[in-house]
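Mind having a look at this structure? Questions to follow.
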Amino acid sequence: MSQPIIISASPHVHSDRTSKKLMYDVVIALIPAFLVSLYVFGIGAFIVTAVAVISCLLFEYLIQKFLMKTTVTIGDGSALITGILLAFNLPSGLPIWMIIVGSLVAIGVAKLSFGGIGFNIFNPALVGRVFLLVSFPVQMTMWPTAVENNATIADAVTGATTLGMIKEGLMFGDTMTTISANLPSNLEMFLGLSGGSIGEMSGLALLLGGIYLLIRKVITWHIPVTILVTMAVMTGIFWVINPESYASPLIHVLSGGALLGAFYMATDLVTSPMTKKGMIIFAIGIAVITVVIRLFGAYPEGISFAILIMNAFVPLINTYFKPRRFGSKIKSKIV
Amino acid sequence: MSKKKDTFINMVLSLFVITIISGFSLGYVNELTIGPIEKGKIERKVNALKLVLPTFDNNPIEDVQLIKSSLVQDSVEVFPAYENSKFVGAAIIGSTEKGFSGLIKLIVGFSPEGTIKNIVVLEQKETPGLGTKMKDEKFLAQFREKNPSAFNLKVTKDGGEVDALTGATITSRAFGEAVQMAYDEFMKNNGLLIELKN
Amino acid sequence: MAEKVNQTQNFLKGIIKENPVFVMLLGMCPTLGVTSSAFNGLGMGIATMFVLLMSNIVVSLVKSQIPSKVRIPAFIIIIASFVTIVEMVLEAFIPFLYEQLGIFIPLIVVNCLILGRAEAFASKNNILASILDALGMGLGFVVALTILGATREILGSGSIFEFKFVSEDANTFILFILPPGAFIALAYLTVLFNKISIKTT
Amino acid sequence: MLKTFPKGGIHPPENKITSSKGIKRMAVPKVVNVPIAQHIGIPAEIIVDRKEKVEIGQVIAKSGGFVSSNIHSPVAGTVTKLDLIIDSSGYKKQCIVIRTDAKDPSNFEEIEEPLKIDIELEPKEILQRIADAGIVGLGGATFPSQVKLNVREGTTLDYLIINGVECEPYLTADHRLMLEKAEEIVVGIKILMKALHLKKAVIGIENNKKDAITLFKKVINKGDGIQVAALQVKYPQGGEKQLVRAILGREVPKNGLPLDVGVIVHNVGTIFAIYQAIQFNKPLIERVVTVTGKKLENPSNFWVKIGTPIKDLIAEVGGLPEGTRKLVNGGPMMGKAIKNTDVPVTKGTSGILVIAEEEASRGEAKNCIRCGECVYVCPMGLEPHLLMNLSEKGMYEKARAEDIMTCIECGSCSYVCPSHRPLLDYIRFGKNIVKKLENSKN
Amino acid sequence: MDYIIILIAAVFVNNIVLSQFLGICPFLGVSSKVSTSVGMSGAVMFVMTIATITTYLLHQYILVPAGLDYLRTITFILVIAALVQMVEIILKKVSPPLYQALGVFLPLITTNCAVLGVAILALGLEGGSLMKAVFFAVSNSIGFGLALIVFASIRESLELADIPEGMKGVPINLLVAGLLSLAFLGFTGLV
Amino acid sequence: MTDSVLYSVLLLVSLGVIAALVLYVVSKKFYVYENPLIAEVDEVLPGANCAGCGSPGCKSFAERLVNTDDISELFCPVGGNDVMKQVAAILGKEVVERDPTVAVLRCQGSCDVRPKTTEYQGPRTCAISAMVYSGETDCQYGCLGDGDCVKVCKFDAMYMDEKTGLPVIITDNCTSCGACVEECPRDIIEMRPRNKRDLKVFVGCLNEDKGGIAKKSCSVACIGCAKCEDVCPKDAIAMLNNLAYIDPVLCTLCRKCVDVCPTHSIIETNFPPKKVKKVVEKKVEVKVAVIKEHIVAESKKSKTDA
């Protein structure tokens, strides 16, 4: 024997799933949505994404190396995902320095201050995004409109998101009928030709990636499906009561960050509950808060806030929704 | 260190002494400050009125008119201004609940013809750095010397003439609405105010 | 000699080693609540310092006359009296600050710093030590509030003591003058403070 | 849909490379090292001296207490010394070293006894015989069988379950035994049914051993009251609680035993040993051991005398291949890594696994990403990530409140963890401490 | 409707801790365990409600008629202090475990600015009535409890995290509070 | 005096009186006795909460001190005799003085004398690796080298020596709280009496294997040859399970055993270096007489030191 025998405790074999593979699966799942945004926003989407990814990786490296003096973990893919997701939640024309600030907040404040991957309570990308949204509401709500078949958008025309238009319209007494004249059709929204953040363009692309994640078992159906169904049901009830004051459930599900949030942000392993039961409670919470903010709050879109709020509840959910201990309740009696 | 024991008498006595001293001193300071406080309150109101009204020689605060209005629950306060017993304008409180964070309260000064002399924001809860910019000169300036009969108080986006604050369209709209309300109230009661002094 | 060193320590400890905000976490409510600008922080700090000083003096004077069961109510009355005085004086003579600080002025009365010092220090020490303690702690509080206020104002409004150093339209981190910014700014200031105070001692 | 337990479980690659290899008889070793602690409980007491001559099957150490077991000499020969030898625990333990008498013919007899169906002994005698024969649970737990069978009066008992699951990857010892000794095992089951006055018995076999299932179905007579249950392949179905849940749908209560739901579970190997003890008065001195590993020249199953050094077995399958990095006593999921090849085979050794470099090394432990995999696969409904953290941070009281003591140490959590965290290492450690705390409280 | 608005405002939009900065001391102090934070929330709710009732009546029927509005602070705090000390003495006798759990923080309820703050704020409610004031106090204590319990559960889970040395303790707690407050900004404009 | 001042005095006074009244009644009604001595004793204790006394913390130790009549069994190892005297003074009870002790490491199995035979993979803590097996070397008695003792030391009195892989005890910082003794799964840390110059002689090995096996696994292991036992003038050394043990009470620190140990497994600490003797003997042969005197003086000195 060339090398000494290894001693370790059982088990002595290991499945070939690694956290790195999980992370890169998420990256792969995000590719279709990225391609759509490139098609829609052109080079702007590319710049925003590239800046976010590079600065996230760089901040992770610098902070871990020089401030925390721990091992650098930029290779594990988590900072990469944070970067992409952050970019996907930003409008494509955002000034570069703001993207960098967002990345710093996401990585430095939301992730590394808690000790790095696995310890953060809040989804880093969303913290970065909300930080920017609150700090720079003007730039964060300047949406370049979709430019069909156009590779570059030198003069970005600011448009509004579907939800933004609905919110403003309703606030000033318009009815849904008049508002919907200006809205993109449901099919357009599904394919990705409305205004909005880079990543939330195309429902189709997001669904594709989501299905990939489900197949690869990176995520389970519980969170995304529960969020979307609860949202649809809630908005549906309001819509049935008064279709002139409330948008249809389909608009709510397809527009804004609902799909992006449900499939990629809420399902973030670190910041979502551990058990299926917990996940469903978590998802219902997100959906309810999102709908409440969308319908009654000041912000047109609420899913980022909703996810962050429910992130805070995850430890509590994990405490109270534990898996059933084997033998803790005896189902069958002796015959 | 000898501590006083926890007897009933001691407890009551010590609190008794302390409260007496504190009561006296507080009462005394109150007497000293009550004057300046009242004065200050009135001064601030007068200052606000001075800002929005043309020169006047009456005391608008004494001449305040409470006018029932269909727009708000309580009555609207109208402060008429007179110079040499001639009606020179009035200040009206305008308010709206449609601000980004709810209530916005303004005081708007009008000339007898209904031209806006000036606006001062009294109360607001808008987002610092965004909606709060409605207090900025740049924004307020566009209303001065405009008569809402000829000046559409809606933001340009809605076909009006008000340049909205960047990132705070909702605040700008609400602002316009509050001014509009004040204007409507003023025009309704214009005649009354002129007659009042005469 | 030893006495003197001791007295200097009573004074100095409040500024760094036992800084009421960064180290002892006393009086967090006003610390976070009124520090949206450096001026507010300074004003609040001074108001608090005044109450702290006066109540420390009085408490150390009357400490032996108060039975322990009614100790806290007695201290509170003393403190509350001074707070009310501050409240009235501010309203009368600096109405602008009075409005800015709002509910946090009457709340000085429940600032753990003041009652804490009265309980932990003034009720056990002589008047000179109590004065120095109050001055030191108060100064520590003023410094902390001003630093926090300045940080938030610089980041959030792009100004310091109302003096704007960026253009009117420049983008500032509005977040920092909103509630979350108070927590976040204080969190990182504490880290920084600890780093520095470890290095200096 | 085949039966299985509902919550948790994993399905690692089976790697049952020796399932078609018949059980060969190992040559009698020159020297056997017989540890006196081969079972759970109090070690046996040595009753032989140095230089004493012993016969095959003679008791050389007798049961040292209620939970203890007799130990018999596996060979005829001379006790050369009583020494400390490293066993699979990694520590030196007391052993009786016996040099085999090369001339004694009893060492080399290979009489295949004919099948003996009639059970002559009465229930009480059966239990006594089992105790005398030093039989312990051969599935790996090595719990003295007579203790398990010592059912208190008044306990309702309605099922005997035979564990032929062998859910550990690689191991095929039980599988081969079932194929080669099916009829004997059936007799063994009847012996236990008689001893315990039971009418019903079920043999649980995972569906990757279809040949064994068919064979048993053929061998069992209708009136026997014995059923064969084919089970879905899922680890750790061989765990008693999981097996009872899978076959009967009964859930053993927390901190309880199968007895609490009227069931007794025994491994097929144990059943065969019982058969031999009752029908031929043969003590437990040998067992089936699977010697396996991907790189081995000739992996196979063997009848091995207790006390045989592992190096003899390894030599038998062609020696250690180049690049061997780990030796495991038992299966890859629950076996113990052993320090060297001098370690003797004991009653609990169901297999020897030789692992090469690629498989042997553990991945570097990374941060927990809270994916919840460990929670999903835990068959006991625990939260391994939490238990590990709690015992790492020394929060044992909380760990106890989180039911750390109900962990069956199946290792499913460590197996699936994508961050390669040493979950079970810490949980086991936490269990130890909690046990100590509990003891000190009582 | 007024009541619903008061409730939503107190719990979510203007959460007493996360956006009004009242009661930060107990929020940071008694939040290391969920169980104690539940106890603390209960204690605060109890004290806050009683205190608000007492001070409201005191204000409405004594201070205002006598023109002694300026004595608001001192009288309120006196009443609250006496009340808390009474609760403390009673608790020590009646429920020693709860007394042990809340330990030094029971007297700190006195200096819990939330209690005094709510008592003062309750006076300024629009169209105020005693009922409204009480409801306001209860709503705010629910907001306090919600923030405290969520925060405590986060802190409990952070106990198992490898927080960087410099961030340990106060900074990380403040940061969590900050991010919580950031998330709660989403409720802006609900009322 | 105006009405306002009068009213304010009246109001505050009545409030104050009512408050005092209520509190007085309540405090009488719900009176709970707590022994004030507990707080006093707690004040005196070091407050390290090290649990070296056997109680979970200083407060509970104080309670125990106050509540037990005979406190001679109780001892605070951190505070030592001084603290116990103070406690006794407060309580009016008697204490027994204890000799100060210090922790010593009874293993010298550094990386170069004790070859590694296997490689361990798993959590690097002594407690867990001890659970899994007997260690990376063939010695199952010696230090596992994962530093649990260092982690548990609250007084910065221990650190891991990177080179030897063994923990080192900084005697000056050691409070003899016993936490490391408790923690070590191998029980290789012992509390031995501490004297003025901290001179100690003890067997640095716990290997119970027979000589040959022990020597093979570790070159500085005690091989149980009993030479030290023979040479000891005070019968302070006893052999048990192939292992020598020096009784600290009987040992006079004469160091005869140190010289005879063939594997150098007896450790002496803080004695002045002996080298002088040998060097002098070799180099200067002429001045034998003088040197002899010198040696005598030297050895006398070391004896008086001891």
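Order as written gives the chain letters A, B, C, D, E and F; numbering starts at 1 within each chain.
Just so we're on the same page, a residue touches a chain if its C-beta (ideal position, glycine included) is under 8 Å from a C-beta of that chain, and two chains touch if they have at least 3 such contacts.
Only a predicted model underlies this, so the values are computations on that prediction, with no experimental measurement involved.
> If every step must land on a chain the current one touches, say how few steps get you from chain B to chain C.
1
> Touching both chain B and chain D: give me those chains, sorted by label.
A, E, F
> Based on the averaged CA atom positions, which chain is farthest from chain B?
Most distant chain from chain B: D.
> Looking at every pair of chains, which has the largest contact count?
Summing C-beta contacts for every pairing gives the maximum at A-D.
> Report back the single chain whose CA centre is most distant from the CA centre of chain A.
Here the answer is chain F, farthest from chain A.
> Rounded to the nearest whole Å, what is the centre-to-centre distance of chain C and chain F, using the mean of the C-alpha atoms as each centre?
Inter-chain centre distance comes to 45 Å.
> Taking the mean of the C-alpha atoms as each chain's centre, how many Å separate chain E from chain F?
Using C-alpha averages as centres, the distance is 48 Å.
> Could you please state the distance in Å, as a whole number, between where the Cα atoms of chain B are centred and where those of chain F are centred?
Roughly 75 Å, centre to centre.
> Counting in whole Å, what is the centre-to-centre distance of chain B and chain E, each centre being its mean C-alpha position?
Computed value for the inter-centroid distance: 32 Å.
> Which residues belonging to chain D are in contact with no fewer than two other chains?
As it turns out, chain D has residues touching two or more other chains at 90, 337, 339-340, 361-362, 367, 422, 425, 428.
> Listing for chain F: what residues touch at least two other chains?
In chain F, 4, 7-8, 11-12, 15-16, 19-20, 23-24, 27, 117-118, 121-122, 128, 131-133 touch at least two other chains.
> Which chain E residues reach two or more other chains?
70-71, 74, 78, 81-82, 85, 162, 167, 171-172, 175, 179, 182, 185, 188-189
> Which chains are in touch, pair by pair?
Every pair of chains meeting the touch criterion: A-B, A-C, A-D, A-E, A-F, B-C, B-E, B-F, C-E, C-F, D-E, D-F, E-F.
> For chain C, which residues are in contact with chain B within the complex?
For this pair, the touching residues of chain C are 36, 62-70, 73-74, 77-78, 80-81, 84-85, 88-89, 91-93, 95, 156-157, 168-169, 172, 174, 177-178.
> Which of the residues in chain E end up touching chain F in this complex?
62-63, 66-68, 71, 74-75, 78-79, 81-82, 85-86, 89-90, 92-94, 96
> Within the complex, which stretch of chain F touches chain C?
My answer: residues 12, 16, 19-20, 23-24, 27.
> If we count contacts the way the header does, which residues on chain F are in touch with chain D in the complex?
On the chain F side, the touching residues are 117-118, 121-123, 125, 127-128, 131-134, 140, 209.
> For the complex, which residues does chain C have touching chain F?
69-70, 73, 77
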